[in-house]
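You will see subunit A twice below: alongside subunit B first, and alongside subunit C after that.
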Partner chain A sequence: MQRSLRITGIICVNQVRRVLTDRGTPIWLLALPLALIGVLGMSLQPLMSSDFAPSKPFHVVVAEIPGGNHVAVIEALRGMERFLEVASVADPESARELVRHRVADAALISSPGKPAAVTIVAAPGSVVAEVLESAIERILLEITVQRTEGVEIAHTQVDVTDGAGETPPWLRTDAFTYYAAGITAMFVMFAAHAVTVTVATDRATDAYARLRSLGVKPAVYMLGGSLAAVAVAILFVCTVALISALLFGVNWGALGPWTVLTVLGATAAAGLSLVVMALVPNPEHVDSAGSAIYNVLAFLGGSMSPLLVLPEWFRRSFAWLPNRALLDGYLKTSLGAAASEVSAEATTLLVASVALFALGWTVWSVRGRGEEA
Partner chain B sequence: MAMARGGGNLEPAATKPIIRVEGLRKQYGKTLALAGVSFSVLPGETFGLLGPNGAGKTTTLKILCGLVRPDGGDVTVDGLSVTRNTQAVQRLLGVVPQGLALYEDFTARQNLVFFAKLRGIPRSERAKQVDDILRLIGLEEDANRRVKGFSGGMKRRLNIGIGLLGNPKVLLLDEPTVGIDPQSRRYILDSVRRLADQGVTIIYTSHYMEEVEYLCERVAIIDHGRVIAQGPIDEVRALAGDSVVLRVPVANGDVVDLDSLRSSISVPIEARTGELRFVLPEGSAQVPTVLNALVAVGLPLDGMRVESPNLETVFLALTGKALRDHGANGGAS
Partner chain C sequence: MMERLYRIAVMTAANTHRAFRTPANIIWTLVVPIVFSLVIAALFSGPGGGPQTVYIVDEDRTETSRRFVDGLASRSYQPRAVPREEAEGQLAAGSSGFVLIIPSGFEAAATQGQPRVEILHGADYTGGDFETWATAVAQALVRGEAVPSVEVTQESPNGNRAGDALAQMRTAFGVYIVFAFAALFARGGALHQEREDGTLHRLVAAGVPYGEVVAAHVASLFGIGLLQAAVVLTVTGAFGTLWLAAGWGVLALALLGSLYVAAGLALGLAGITRSATLLQGLAGGLPPLLAMMGGAFFPLEVAPLALQRAARINPIFWAMELVTEGYMYRGVSSQLIPLFVLILLGTLGSVVGIQRLRRMEL
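And then the complex of A and B:
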C-alpha cells in the first residue's frame, strides 16, 4: 500500500512536470485563454457593462396602445436620460415606419393583456436593442423582442428570471468577468486533457510498457495520471484567475466558494478526460478527439457565445453540463456569493466528477482486461 | 548435446538455468502469437531470440517481464514464477523495450532519475548509479541536454541505460539497435558485451542475425510462434547442411530483373543495399549456375564472395524465407 502511494506520487509529479516543461503549454494554456478573455471581453464590454452610455441618447419612439400595460416600463425608460430620448407616437405602424426610415433608433410597442409584454422594434444586434432589452429585463417584465432592419423579422420570448424570480448571474456581470469565467470553464478541460495526452503518449510508445515492467500497476498509473490532471487543471485556474485579475480587473469573489468550485471543476475535467481516453481506442487520436469534444461542450456551456444571446431552451437544456455549472458558479462568486449560494453548482460538479470517473475507469478496465498481466 | 531442432528444451546439465520458459502459448483474438515456446537461459549467458517480425519474440519478452498474461505455460526467473510472483520477478529484470521509452522533453539525467525512483533505488545511491550509467552509455557530457535534441543512436543508448537501473540480474533487450547509424550500433553491441562480461544474463532479440552471432553463445530461432531451432550458435548453424552464401556486389545504377533471375535459378535470393545474396543449398557447386544466370540478365560482374552458412542461412533453409523483408534496393528491381 505504501509502495503504491509512493509510486502514485512519483507518477503524478512526473506527469505534471511533463506538461509544465512542454514548450507549447505557455501558449495553449496561458497566452491563448488570456488573449480570448481580453478580446472577447473588450468586444462585448459595451453590451454587458453596467456603466455603458452612448455618446448621445438613442431616439426611441413609443406607440401607446389603449389598454396596453406599459406605463411602468415607459416611465422607467424616460428616467434613463443618459441613454434614451423617449417620444410618443400615435400608433404602432407609425412607430415602425420611423424605425424603417432611420428617423428613430428603436420603437417600443406595448401589447394589452397580462403578463405585460413589450415589443422592441430595432435593427438586429444593434446596441440600442441590447440596451432596451437589458433595461426592460431589469424591470423584470416578460417581453416580446422584435428586431427589424427595415422589415420586421421575429418575435422572441425572453424569460428574464431564472425561474426563482432572480435575475441570473450572466445578466448581472460585465464582459471581462463573464469571459474570464467562461474561458476558464472551457480551458480547465484542456488543462486536464494535456495530462491525458501525455498518458496517451506513454501508451502509444513503449514508455507504459517500461513503467509496467518496473512493477507499476495499471490502477496506480491511472490514479497518478488522474491526480496529475486535477493538479494541472487547478494550477491553470489559479494562474488565469490571478493574471486576469491583474490585467482585466476581474473580481473572482470570495476565496472559499471559489476554491470549492475550482477543485470540483478540475476534478470533473479530469474525469471527463479519463472518459475520452478510455473511449478512444487509438492513443494517437485522443488529442484530436478530446479537443473536438471540449470545443462542443464549451459552446453548449456558454463559454463562447454569452448566455444572454442564446435562446432560453438552449440555456436550460445544457445547464447540467459541468463546464456550465462551473461558469455559473464562478459568475455567482464574482457577484459576491457565499459558499451556500453555489451549493447547486458544486453539487452538479461533484456528481459529474463521480459519474465521469466511474464511467472512465469502468470502460478503461474492461478494455484492458485480458491483455495485461 | 545442447542443440535441438524444433521446440525441444535441451540445456547443459551442469548449470541450473536462471530462466526457464516452458510451453508458452498466447492468442490475440484469432491470431496465434505463441504456440508452445520453450527455452532456457543459463546464468551469465547472452541468449539470442532470432526471428522475423511478428514471429513472437516481443510477446515472449512481454510475458517474461509480466506485462502480458500467457494463455498457457509459464516462465520462471531465478526459481520464481512470473505469473505467481510478478513483482518479485520484475525486480530481477531490466527491460529495454523495442520502442523508445523515454520522455523527450526531459534531459537524459531527468529520465534516469525518474525511472530510478520508480525502481525504488534509495536516494543515497541514486545519483551515483545514474552517473555510472551515463558513463557506461557514453552520455555523461550530454546528461543535462533535452533528449529531444539527441540523435537516434543517443536515444537508443539512453533507452538501454534506463534498463540497467538497479543492477538487474537479467537484462531483456528487444531489438535495441533498430533504426540507428552503424557507429551507434557498434557502441551498443560493445556495451552489451561489456555487460555480459560483468556477469549479467541477457536475452537479446533481433532480426539482425549478425548481431546475434556477435553477441550470443546460444540462440533460439522463432517463427510463427514456435521455436524451430535452438542451441549453441555453431550447432544451430550446422543445421544449414552444405549451404553456402554467394554475395555479388551490385553497383549503383545497375538494374537487375529479380523476377527473371528467380525464374532461371531456383535458390533463395535477397536484394540488399549494394549486393545480391544467394543461398546455395548444394554448396559451391551451384556458383557457376548463378553466375551464368546473372550474365544472362545483363548484370556486369565485378567480383563475388562465397561465405559459410550463418543463422540467416539456417532460417532460410528451415523456413524457405528470409529473416528480413528487404525489398528491391541496391540497384535491383
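And then the complex of A and C:
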C-alpha cells in the first residue's frame, strides 16, 4: 500500500514537472488565455455595459423625399447624438451611393405617401442597422400615433429583488470578469489535458509498458496521472486568477467558495480528459481530439460568446455542462456569493467529476484488459 | 524539369493525403467547421432574436380586453396572457422587465374613450417603446380602426434584400476562416514533424533536393486549404448558406485571398518556429484570437477605437472585409483593396517562411 502511494506520488510529480518544464506551456496555458481575457474584455466591455455607445457616432444620411417623412425622422434621430450623426441628402440614389462607397454607414429612405414606411440601407448584421431598426420602428409609431390623449398608462414600480429568482450573474458582470471566468473555465480543460497527453505519450513510447513490467499497477499509474492533471489544472487557475486580478482588476470573490469551485472544476476537467484518453485508441490523436471537444464545450458553455447574447433555450440546454457550472460559479463568487450560494454549481461539478472518472476508468480498464490479452 | 515537377506533385499529394488520414483530423478539419459554421451563423444572425414576450394579466376578461391583447401582437411583441402570480413571478425572475395589467372595467372605460392599463416594473425599467405601441393599439380599439402598422425594410448597400441570410453567410465565413487558419497553421508544422521523425533526412539522403520538399510543403498547404474550403462550403451551402449570392467571382476572390494569406502565414510561422508541437498550439489559439480582434465573431464597431485601428494589421480583418465588400457593397471592384492587403501579408509570410526554412539545418 505504502509502495503504491509512493509510486503514485512519484508519477504525479514527474507528470507535473514534464508539463511545467515544457516550452509550450507558458504560451499555451498562460500567454494565450491572458491575451484572450484582455482582448475580449476590452472589446466587449462597451457591449456588456448598460451604457453602451459606439466609439464614434454612426454617420446616417436621410434622403429627402417629396411627401415623405424625412423631416420628422431627422428630428427624432437628432435626439440620439451619442449613436448617430444625421445629415440629409437630395435623393435616394445619392443616399444609396454614399453607403455603397462607405462614406455613410447607413441611409434612410422613406416611401412617398406612406408615412409609416422606411427602408434602411446598411450592411446586414451591422450595429448601425440594428440600432436604426429599433429606433425607426419607435419613431414611425410615434409619427403614426401622434395624439396620446384618451389612453392612460399607469406605472407601478415593484420590488423584484426578493422574488423567486434573481438576475443571472452573467447579466450583472463586466466583460473582463466574465471572460476571466469564461476563459479559465475553458482552459482548465486544456491544462488538465496537457498532463493526459504526456500520459498518452508514455503509452506510445512504451514508457508505460516498461513501468508495468516493473510491477506498477495500471490503477497506480492512472491515479498518478489523474492527480497530476488535477494539480496542473489547479495551478493554472491560481496563476490566471492572480495575474488577471493584477492586470485587469478582476475580482474573484471570497477565497472559500472560489477554492471549492477550483478544486472541483479541476477534478471534473481531469475526469473529462481521462474519458477522452480512454476513448481515443491512438495516443497520437489524444491531443487533437481533446482540442476539438474542449472548443465545442467552451462554446456551448458560454466561454466564447457571452451568455447574454445567446438564446434562452441555448443557455438552459447546456447549463448542466461542468465548464458552464464553473463559469456560473466563478461569476457568482465574483459578485460576492458565499459557499452556500454556489452549492448548485459545486454539486454539478462533483457529480460530473464522479461520473467522468467512473466512465474514464471503466473504459480504460476494459481496453487495458483487451490490450494485455 | 518535368521530373522535378512530378516529384513535387507526388510529395504534395502525399502531404495533403496525410492531413486527412485520421478520423480526428477529418473531424477537426471538416466536420467541426461545418457544424460550427451552421450553428453559430444560425444563433447570431437571426432577426434580432424574435419578438419580446409581454406577460399580460387580463383582469377584465371581456371581448374588448381580448381584442386589445390580440392587437398587441406585432413583429416586436408577443403578448402572453397569464395569471397575475405567474406574471409577477416572471418579473421577479428577471425574465421580463415589465408586466401589463388590464384592470377590470377596461371595456367600460374604452367605451367612454378613456381606456386605462397599468404597467408593473422593477427599479431599473426605462420603458417607452412598449407604451407607445400599447397606446396606438388602444386608440385604434377605441376608434374602431385597424391596428397601425409600421414598415421597416432592410436593404444591403448593393440592393440585396436578403439581409439576414447575408449576415448569416458572413458569420459562417468568419467561423470557416478560423478553422482554415487553424488547419493550415497546424499543417505548417508538418515539415518539422518530418524532421523530428527522420523522414526528411531520408528524403534528402535519397537525393530529393530540400527545395523541392519545401515547395511540396507550400503546395500542400494550399491544397489542404482548397480541399477544406470545397467541402465546408459545399455542405454549408447545401444547408442554405448563400455563398453564391454575389456570384462565383466574389466567392473565388474571397476564398483565394483568404487561403493565400493563411498559407503564407502558416509558412512564415513554420519558418520562425522549430517545433511541430508549438505550431499545433499556435494553431489552436492564434486564429480564434485574430478572429475576435478582426471582427469575425462580433462587429468591431462595438470595440474601442484603438482595437478597431489595431485590426488594420490583422489578416482576418481583411479576409472579413473581402467578404463584406464583395457580398454587401460593390462586388469584385470593391474587393481589390482587401485582396491587395491579403496578398501583401501572405507574400510577406511566404518570403520569411521560405527563407528561414531554406536556411534551417537538417
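Assume the second predicted complex is superposed on the first by the 254 of 373 C-alpha atoms of A that agree within 3 Å, B and C clash if a C-alpha of one lies under 4 Å from a C-alpha of the other, contacts with A are read in each partner's own complex, and residues count from 1 in each chain.
The rule is simple: a contact is a pair of C-beta atoms (placed from the backbone, for glycine too) under 8 Å apart; a residue touches a chain by one contact, two chains touch by 3 or more.
Every value quoted in this text rests on a predicted model; they were computed, and no experiment measured them.
Participant: Using the superposition described at the top, determine whether subunit B or subunit C touches more residues of subunit A.
Facilitator: C
Participant: Which of the two partners, first being subunit B and second being subunit C, lies in contact with A:Asp174: first, second, both, or neither?
Facilitator: In the superposition, A:Asp174 contacts neither subunit B nor subunit C.
Participant: Return first, second, both or neither, reflecting whether A:Leu40 touches subunit B, subunit C, both chains, or no partner chain.
Facilitator: Only subunit C is touched by A:Leu40; subunit B is not.
Participant: Just subunit B (first), just subunit C (second), both, or neither: which does A:Arg210 touch?
Facilitator: It touches subunit B, and subunit C stays clear.
Participant: For A:Arg18, using the defined touch cut-off, is the partner it touches subunit B, subunit C, both, or neither? Pick first, second, both or neither.
Facilitator: first
Participant: Determine where on subunit A the residues touched by subunit B overlap those touched by subunit C, and list them.
Facilitator: Overlap of subunit B and subunit C footprints on subunit A: residues 23.
Participant: So in the complex, which bits of subunit C are touching subunit A?
Facilitator: 22-25, 27-28, 32, 36, 40, 43-45, 48-49, 75-76, 88-89, 91-95, 113-123, 125, 127-129, 131-136, 138-139, 142, 148-159, 162-164, 166-167, 170-171, 275, 277-278, 280-282, 284-285, 288-289, 292-293, 297-305, 307-308, 324, 328-330
Participant: Which residues of subunit A touch subunit B once you look at their complex with the stated criterion?
Facilitator: Residue positions touching the partner: 3, 7, 10, 14, 17-18, 21-23, 205-207, 209-216, 370-373.
Participant: Provide the residue numbers of subunit A that touch subunit C in the complex, in ascending order.
Facilitator: Listed in rising order, the residues are 23-24, 27-28, 32, 35-36, 39-40, 42-47, 52, 54-56, 58, 96, 99-102, 111, 114, 116-130, 133-134, 136-138, 140-142, 144-145, 147-148, 150-160, 162-168, 171, 280, 282, 285, 287-289, 291-292, 295-296, 299, 304-305, 309-312, 314.
Participant: Taking the complex as given, what residues does subunit B use to touch subunit A?
Facilitator: 62-63, 65-69, 83, 86-87, 90-91, 93, 95, 97-103, 105-106, 114-115, 117-120, 162
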